[in-house]
Amino acid sequence: MTSPVLEIQNVSRSFGPVQVLHNIDFALHAGQVHALIGENGAGKSTTMKILAGYLQPSAGQVLLDGMPVHFASSQVAEDAGVIMIHQEFNLAQQLSVAENIFLGREIKRGLLLDHTAMHDQSKALLERLNCPVDPRAKISEISVPNRQMVEIAKALGRKARVLIMDEPTAVLTSRETDILLEQIDRLREQGTAILYTSHKLDEIAHIADYVTVLRDGHQVFADIADGLSEDQMAETMVGRELSNLFPPLQTPQDETVLSVDNLSVDGWVENVSFTLKKGEVLGIAGLVGSGRTEMMEGVVGLRAATGRVAINNNPLKSNSVLAARQAGMVYLTEDRKEKGLLLQKNLRENLTLLALDKLSGVFINRLGEEQALDNAIAEFDIRAGDREMNAGNLSGGNQQKLLLAKTMLAEPDIVIIDEPTRGIDIGTKQQIYEFINQLAASGKSVIVISSEMSEVIGLSNRVIVMASGRVAGELTGKDINEGTIVRLAMGMTQNKATAA
Amino acid sequence: MKRREFLTTAAVAGAVGTVAKTASAQEVTHRIGVAIPSATHGFMGGLNFHAQDTINRVKETYPQLDFVLATAGDASKMVNDIEDMVATRDIDALVVLPFESEPLTSPVQAVAEQGIWVTVVDRGLSVPGIEDLYVAGDNPGFGRVAGEYFRENLTSGQKIVVLRGIPTTLDNERVDAFTAALDGSGVEILDMQHGNWNRDDAFNVMQDFLSKYSEIDAVWAADDDMAIGVMEAIAQAGRTEEMWIVGGAGMKEIIGRIRDGDPQLPVNVTYPPAQISSAIEMTALGLVSATPVSGRFIIGSQLVTPENAADFYFPDSPF
Amino acid sequence: MTDITTSAPQAQKRKLNFHLLGPLFALIALIILGACLNSNFLSYGNVTNVLARSAFIGIIAVGMTFVITSGGIDLSVGSMAAFIAGVMILSMNSLIPIMGVGVPVIIMGMLIAAISGFAAGWLNGFLIAKVRIEAFIVTLGTMGIYRSLVTWLADGGTLSLSFDLRGIYRPVYYDGIFGISWPIIVFAAVAIIGEITMRHTRFGRHCSAIGANQQVAVYSAIKVNRVRIATYALLGVLVGLATIMYVPRLGSASGSTGVLWELEAIAAVIIGGTALKGGTGRVWGTVIGVLILSLIDNILNLASIVSPYLNGTIQGVIVILAVVLQREKKTAD
């Protein structure tokens, strides 16, 4: 084995009195993919930030090429070829793709910027990633997965020796994930050392040469990936045996609670009709961009839509989120940071925002709010260091739980959840699956939109597959399987799909 | 008189247009451009009124004359107005009250160089000799007349406070002349603060003067808008008997009270907004007749007393 | 060492409060400075003067707090106050022949002021929320419109309330109960109601949610447009109320009435700890901000320690200091 490029030895880290990392010890080698896995809050982000110079260790040291180094800032680390790609992208929304890729190291010709050279080089970098984005497009105009690709192109452009990737596939579809994994393979062959984190254990099993598992700030496992099964990884992470990830399905009742007829959302969805039964979990599958989210936003009144939506046979006032909520239907956004939570507000204000009318007369019932927060923390197992902390400081999983708690405070009968477990560790995932199942059991109806095939398959009584803004097919029982869903999502007809 | 007409300026401009078409018949021979600051303050309101009034009057007397009136809210708008007048209205004479001296000097100079008659009102340009005619109020005189009244009517050791205007050369000239006139009289100036020729600011400043000084014999408010604020503050403190006030510029309400013998307002000092009338009239005269009207005309500041107040009272003026 | 766990959160709370209370410390420092410089500073007369003259900006600034908290801005309030004052004076004068000189005319005038304030504010809100024009542009436009309208109404001069009415209306500014004048009482009432509305009602919570992240507010079933328009309409009504207290003071309005009030109100809001980009609003902070601004003027008038030309410099320095004081230190670790 080659000598390590980047190494951390006995690294500990404390925030105030709280120690979040205990003696972490591992090495990254050129031409290897090193997976760092663990539940949310296990210390992965802190470890990565120490490696990339965003944080300093409280104890222990970082070694570059065998020599102790001190990365005083991420800039220093980047100059040494250690580049981290964040989950929240560091891209300037209003600048073009090429401008972002060359941000801070613009190519100049004399005093002026050499736009042609930057454009051509960006194009070459993006082509290496099989990413069809126009280098002249603005970041705000391109899709989230493509932004991920731009981030990676930006790192490649900086001649990264060590690439630290924080859940790069969290927002990618499976096809995009495949492209990314291929690219990582290529980078590995070119001799880049890669530190890779993901909650998707199948990816880890597929790509990793070496696996380090963190649990509560301790390194609980470190070994070569060969022969390590996904179950073993999951159990090491969680520290207990994981029984079946998905609870057994509930049986829906006959009563129809929601019916949608000929719903269209301009530019996204055309003439979609479906129904939802009491106690049913309806899965919505389809590629990113197939109109899943837009359809549901149309149903709950967040987007202008035509067509008829009825709850318990009562037509719903269109374009009114409030009317939908009052009729008992709520929508949980996939974008919890931008649309779900007020990141700089505390937990209490976030929790009660949707259902504030239930907690106030003329004045807001402050005691009631505190009580609701107590209940939410207990019921949803929200792990917050401090009740007064801001929602933005919670880990992703806890943010998702808070968002769930916020939604459930409105006491809905119909819950539409978009990407319920995006960027969430396996332990929390299981809790959320359990929770969705319990909702159905208690007679509520749930619609789950997800890009994770296993999730749709494991949770749903029935699945609607969307393709290009239309319903490509509806599946029940044994028909709900990966092959059928993929074929429908790719635009094959249902007959062919089920026949095949 | 019915005023508050919408689009006064536009109406005049429009009228000018139609007159110009029929001009050959009526033989409009000369056109005068008038550029003044817009009516954002009592004094300028009066000035606007007098400008409009004079234009109407002069046009009746001399049908062969035509006017273009433009009001500007800032110096650069005024420059644009003047350039437009020269370029598109083909004026023969320009009457201008410069918004500020510096920025208007070279544009007006350019106008003069084209052989257009230039009359400058109130505020001088930075370069002497550009204008054919200069008509202005007398700023040092304004301060001196007031100062002399204070000197004659107060004894040594009596105390006064002064409200100044917006910090400008004009304000400095007035205040310097005022203090010079008081020099050696033994009258003590307790304090001077800027009331910015604004009623509300003057009210606040006077309130603070009243808190600060237990004995004040007289107030030089230097402007009638400020005098109004000052009087309210004094009334609020219940000290109306203690001091008298001299304002300035001849606002009609104040002049009215002087005429009626208000002991709180014994006199006033003029700085008439009507100076624009003189400027327009003299310019018109210069164009239609052979009377020589060039040179400098300083309209002296006069002391308005209960005896002569009726001569300074213009009930139609908004000021 | 056993008490570490109990003392740590307390220390944190104290630190937090220090930043929150920054403007209050600045105010106290100013009061001490004023008292040292002039013995009349704390006299009953001076204190009531300062409080009463703060009332106009103060009442407006409370409304401005809601607008800024929900992520908006209103530059038109100064012009709006002048315009409302003009409309109020003209209509009261013209009502005299119909209603005679008496209290009913005054009450009509007050109603007209409140209604025109509401209408003017609502119009701003409507253009911003429904027609979707930037708040800065809308209110910059209406600022010019109201300013020129009042100049037009006054024909470039000054609109004065009929002398007979002034006698009846004057006590609204100059009198009061228990030695506290009406403007102070009204300002205090507006401030207290504003504080409660901001902290303890759905409207206040919705304002800060919209200011923090409009998307989240939309997804949380908040009627964003309605709340937004309401903040501007509320501000308009408060401008009307401020005008009701202002007109009896001098009995007149002109093109120079209320000049720069908008900037003073906005400055007071920001000094008080409300974020200019919205999301957090503190009505009590705004009140302190207003008092700081009036006190600076008052102290400079009372003390004559610096050239009056430098008044603006002193104000600027204190405003910036008050904001710096409340900035939370970035955690050094």
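A few comments on the model shown:
Labels A, B and C are assigned to the chains in the order they are written; within every chain, residues are numbered from 1.
Rule of thumb we're sticking to: a contact is a pair of C-beta atoms (placed from the backbone, for glycine too) under 8 Å apart; a residue touches a chain by one contact, two chains touch by 3 or more.
These are the chains along with the protein names UniProt gives them: A = ABC transporter ATP-binding protein; B = ABC transporter substrate-binding protein; C = ABC transporter permease.
Source: prediction; values computed, not measured.
Between A-C and B-C, more C-beta contact pairs join the chains of B-C. Closest chain to the protein centre (all Cα atoms averaged), using per-chain Cα means: C. Using the average of C-alpha coordinates as each chain's centre, B ends up farthest from subunit A. Separation between the centroids of subunit A and subunit B, computed from CA atoms only, is 71 Å. In this assembly, the C-alpha centroid of subunit A lies 45 Å from the C-alpha centroid of subunit C (ABC transporter permease).
Chain centres here are Cα means. That of subunit B falls 34 Å from that of subunit C (ABC transporter permease).
Among all residues of subunit A, none touch two or more other chains. Across the complex, subunit C (ABC transporter permease) is touched by residues 3-4, 6, 38-42, 44-46, 48-49, 164, 167, 191-194, 198-200, 203-205, 207-212, 225, 228-229, 232, 236-237, 253, 317-319 of subunit B.
Contact residues of subunit C (ABC transporter permease) toward subunit A in the complex are 4, 8-9, 196, 200-202, 205-206, 208-209, 212-213, 215-223, 279, 333.
Within the complex formed with subunit B, the subunit C (ABC transporter permease) residues making contact are 38, 40-41, 43, 45-46, 49, 53, 151-158, 160, 174, 249-250, 252, 254-257, 259, 297-298, 301-302, 304, 308-309, 311. Against subunit C (ABC transporter permease), in their complex, subunit A makes its touches with residues 15-17, 302, 321-322, 324-325, 330-331, 333, 338-345, 349, 353-354, 356-357, 360, 362-364, 366, 386, 406, 410.
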